[in-house]
Amino acid sequence: MSMVCLSDFEAYAKKYLPKIAWDYFAAGADDCTTRDENILAYKRIRFRPRMLRDVSMMDIRTKILGTQISFPVGIAPTGFHQLAWPDGEKSTARAARAMNTCYIASTYSTCTLEEISAAAPGGLHWFQLYIHRNRAASQQLVQRAEALGFQGLVLTADLPYTGKRRDDVRNGFRLPPHMKVRNLERAFEVCKMSPLDPSVTWNDIYWLRSLTRLPIIIKGILTKEDAELAVRHGVQGIIVSNHGGRQLDEGPATVDALVEVVEAVRGRVEVYVDGGIRKGSDVLKALALGAKCVFIGRPVLWGLAYKGEEGLQEVLRILQDEFRLSMALAG
Amino acid sequence: MSMVCLSDFEAYAKKYLPKIAWDYFAAGADDCTTRDENILAYKRIRFRPRMLRDVSMMDIRTKILGTQISFPVGIAPTGFHQLAWPDGEKSTARAARAMNTCYIASTYSTCTLEEISAAAPGGLHWFQLYIHRNRAASQQLVQRAEALGFQGLVLTADLPYTGKRRDDVRNGFRLPPHMKVRNLERAFEVCKMSPLDPSVTWNDIYWLRSLTRLPIIIKGILTKEDAELAVRHGVQGIIVSNHGGRQLDEGPATVDALVEVVEAVRGRVEVYVDGGIRKGSDVLKALALGAKCVFIGRPVLWGLAYKGEEGLQEVLRILQDEFRLSMALAG
Amino acid sequence: MSMVCLSDFEAYAKKYLPKIAWDYFAAGADDCTTRDENILAYKRIRFRPRMLRDVSMMDIRTKILGTQISFPVGIAPTGFHQLAWPDGEKSTARAARAMNTCYIASTYSTCTLEEISAAAPGGLHWFQLYIHRNRAASQQLVQRAEALGFQGLVLTADLPYTGKRRDDVRNGFRLPPHMKVRNLERAFEVCKMSPLDPSVTWNDIYWLRSLTRLPIIIKGILTKEDAELAVRHGVQGIIVSNHGGRQLDEGPATVDALVEVVEAVRGRVEVYVDGGIRKGSDVLKALALGAKCVFIGRPVLWGLAYKGEEGLQEVLRILQDEFRLSMALAG
Amino acid sequence: MSMVCLSDFEAYAKKYLPKIAWDYFAAGADDCTTRDENILAYKRIRFRPRMLRDVSMMDIRTKILGTQISFPVGIAPTGFHQLAWPDGEKSTARAARAMNTCYIASTYSTCTLEEISAAAPGGLHWFQLYIHRNRAASQQLVQRAEALGFQGLVLTADLPYTGKRRDDVRNGFRLPPHMKVRNLERAFEVCKMSPLDPSVTWNDIYWLRSLTRLPIIIKGILTKEDAELAVRHGVQGIIVSNHGGRQLDEGPATVDALVEVVEAVRGRVEVYVDGGIRKGSDVLKALALGAKCVFIGRPVLWGLAYKGEEGLQEVLRILQDEFRLSMALAG
């Protein structure tokens, strides 16, 4: 099977992953309208290609929060990588380091932060955090990440409760017994309620700030109003995201929301975007609209499902090649 | 079979109801354009979700005409519930009371008002009325409803004649011999003409007002002009409705009409809407556009077809959970 | 088979007519975009239905050029009715008279004007004319029609050459040997060129006027500029038409063109429209946009194909009932 | 098999060409969005047809850069005609001359310029050029073309690198061993890098100008900014083109870009367009929007695949007839 574009990896993953795992990764909330809109919105954006510019030398490197990466595509936080590949997040970390890009490790990893860190020492890692009812647990996670050399803290803002993903309900989705949310093992007692705290507000950013010197990036912003609030509360970066269309259905596509967020932020902090990136030209569109870097979610899982670390590298390399080519062709 | 969302109930009903009953409930006028538009119009409306608000406590109760209900979804008047479930409207009334919401009983019920009332004493019931050629019959119905403790009178304004529902014509739809429009048994002699009076005008609201102290809600308004007339003629509430797309095809979707009606009414009376509600987020959209409460029609029949009273409660509970979740996720 | 709406007749005709005849009637030019747009354009127009108006009495009669017809739907000129039913245009004439409406007989009838006239004496007949290279032949036709009591002359303006209908080319369409364009038998010598004159201009209307006292209606106008020219050249009526989408593909839908023509004409002459009428509500839309009357083409042929005169009456009766109902429901 | 419209040739070619050749000709970049948009954009443009104009005599000839052609459709440069028909570009040249139109021979022809020229002496030939890293090779090609009587030089500006055509990657597309890019045989040593120079800029037009007295036409312009640059750099003509949607996906359809280019150019040079022409009415639309002539690409290959020179003539004749008819019907 020849892997030519990201859809090839998607087809592979759909064919070979267990249905329950595929459904979990593919799931969108309710009618999956927003999940699909993330992709369609990129298609609606048109280039105005310019000709006869010298495109023989192109530098596609960029910096995020001061650290250089090889091209403006990082790895968004997604959970449960062992569902896609036995080595789970360790493979993800290795592929990210090999491609010299940023990996945002999820709280809901099936490897510990320590394992991730050890798998790819020197890699650029950020840690994605939910704020738990048990604040001490969140504090401990933050401090573990900082101690391990993670270089950014990504606070997910769009999950006070989990969105309704119909297939997961139908499948009665839960992790197989041999997988665990390892990061939380040490921190939590068995907890019958959802451990996430739906009462979190903007003020909790101050609390988070008091715990760590890491830059704080807020993920899940979709409006100019919230972008303004994020800047005022002192975050270092914003990821425009709708959680892959897995939370509130029928909100805006991320690339559409990006425009208003970038305008509101006026360069005061870095703005990133995730959701719907399937081709190198999508990356170029996001950058043209003001994103500093994009993050990819599901394609990471497809790459892992295909060949683990190697498969993910292939995904990243294809995106990189396509991005470079579309830059050249757009002039 | 696991019932996750309202479409699951629809699929069940389509599979298990006799074709003639399914067709009758599903029917739209002519090409069914408006029936389908009611749903599509909700999909076109996009949220602007806000983050990091404290959504740990949410009160989803509301009041309609002064009476509290557990959440802003009531039961629209639809006919012939025995086609869906043997106990018919008695089950509907019981489910509505169990969920603490409002049930608008149709003139074309297969149970009498007395049976409905007795099935769920203390429930919040409104009575839906057509004005008949035989005004004495209409008067008698109104007075029976008032005497039985119904708390609102819903005048349907959009049915001077019955819309053309092709499948019903093809099927030669009529009630099976063992079912009857029980409310009318006492009131009418056999009548060869349609018993409904197509000459009804706004002035008949004054006549209706003279018969009863119940609040009058007018159902079937789709324009600002008619909304203004309704307010001027002294109604207490307006249900923006196109009769589920069963009357004039190719008029506006109800949620689109809601916007202009709300603007015209300027808070002078309560405005409700029915038609096309299939998810909790649709309820939230209607409320955000100014509706005080929504009413559901076909999903009620699907719930009854699934498991009678219990099935309808499940439908209402799913809508309630979805509504609460979408409120939390929209901030 | 129960005939509930015009699509039922279409399905019947498609099933039972010889393919070559069905294809000829169904044909549109090129990609059939305009043929289909004629229908889609009606669907895009939305009613604003008004309620509580006295619709117990409705008068759906109208007058065209001073003559009363039973409802505002006439029969557009289409050719070769014997392809649909053995009695051909004689049946059409009888059905039109029975329904008390106007029948525009085509030059390309398979019955003579004399036969048509004799089949339905006293019926309201107009005659549709092409101007031929052989002007004497055209003159003779006009004078025959006038002598036979035809009451209007419809000049088709959109056929200097025949449009490219791919299926007709593929099928090598021509009339079966036992059918003839009977009106032209007497008038023409065998003619190798197309007998129609592509050099016709607006000035030929003066020539036509000099031949007859009949009112002249021009058919095929799609722009305000041509509508203005038509009025200035003294026609009595305009039929907005794109020849059923059979001539230039990718021009406007007729109901869209109707709007600009009506505005340009400002009531100076009567404006009619054909193309895409499939439901009574389409008639109402055309009238609401300023048409005095609509004409139907393909549905006539479907009705003939179903049961000749009786089938066409059924088509007209369904349209009439639907038109009356949609008037009542729209208030 | 009766060939009625260009789609018939497409269907034939798809059926009878080897898959690898069909895929190569059909290929678009990435998701093929722009390739398909080229066609859809024509469909979105609507005529305003005018009636009763004398269309008995129509002159469809035009001049491009001073040379008369029989109708405003020329042959765009496409590569590898031997993949479609054994005689390759020799057949193309003969068909173009027979139809008295312009043929732009591609650098990537499978016949030499000398063979093309000899196959159709006296035909109107332009030569399409890429600028190579090896400038001497390009210079030699230009001078060979000029010496052979080619009358125009078409510089392709949109291919600094080859677009990503997924099927070609999957198929591992390359020419069969018995075909060669004959024009380059004499000029190049075996070259491991792509021979095309991605560092070409507008200044290279001056270099090209210094080599030849032939008029220079630039192909691949899609924006008003580049159109202005082209005029300023002294080209004689502009072909609005997106390389058949084979280069940067999700740029504008060519007919949409045509509008802004024509407006920017203000008649200072001739503007042509290619991409998406499938019917005579498309030609008329392009001309109405300001193009002096259109060029067709894939339909040429379909015609060749059908019957070589004769097949291509049939394609051109159909377009010519359709163009003339649509002119007449549009008035």
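Note that the chains are named A, B, C and D in the order they appear, and that numbering of residues resets to 1 at the start of each chain.
Keep this in mind: a contact is a pair of C-beta atoms (placed from the backbone, for glycine too) under 8 Å apart; a residue touches a chain by one contact, two chains touch by 3 or more.
To keep track of the chains, here are their UniProt names: A, B, C, D = (S)-2-hydroxy-acid oxidase.
Nothing here was measured: the structure is a model prediction, and the numbers come from that model.
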item: Neighbouring chains common to chain C and chain D, by label; value: none
item: Relative to chain D, chain with the most remote C-alpha centre; value: B
item: Angle of rotation relating chain B to chain C [CA atoms, steps of 5 degrees]; value: 90
item: Type of chain A:chain B copy interface by residue overlap (half), same or different; value: different
item: Computed distance of Cα centres, chain B from chain A, in Å; value: 44
item: Centroid distance [mean C-alpha coordinates] between chain D and chain B, Å; value: 62
item: Junction residues of chain A - those touching two or more other chains; value: none
item: Those chain pairs that satisfy the touch definition; value: A-B, A-D, B-C, C-D
item: Contacting residues of chain A [partner chain D, same complex]; value: 2, 4-5, 43, 45-57, 279, 281, 322, 325-326, 328-330
item: Parts of chain C lying in touch with chain D, wherever the complex brings them together; value: 30-31, 33, 157-158, 160-161, 163-164, 166, 169-170, 197-202, 204-205, 220-223, 225-226, 229, 242, 247-252
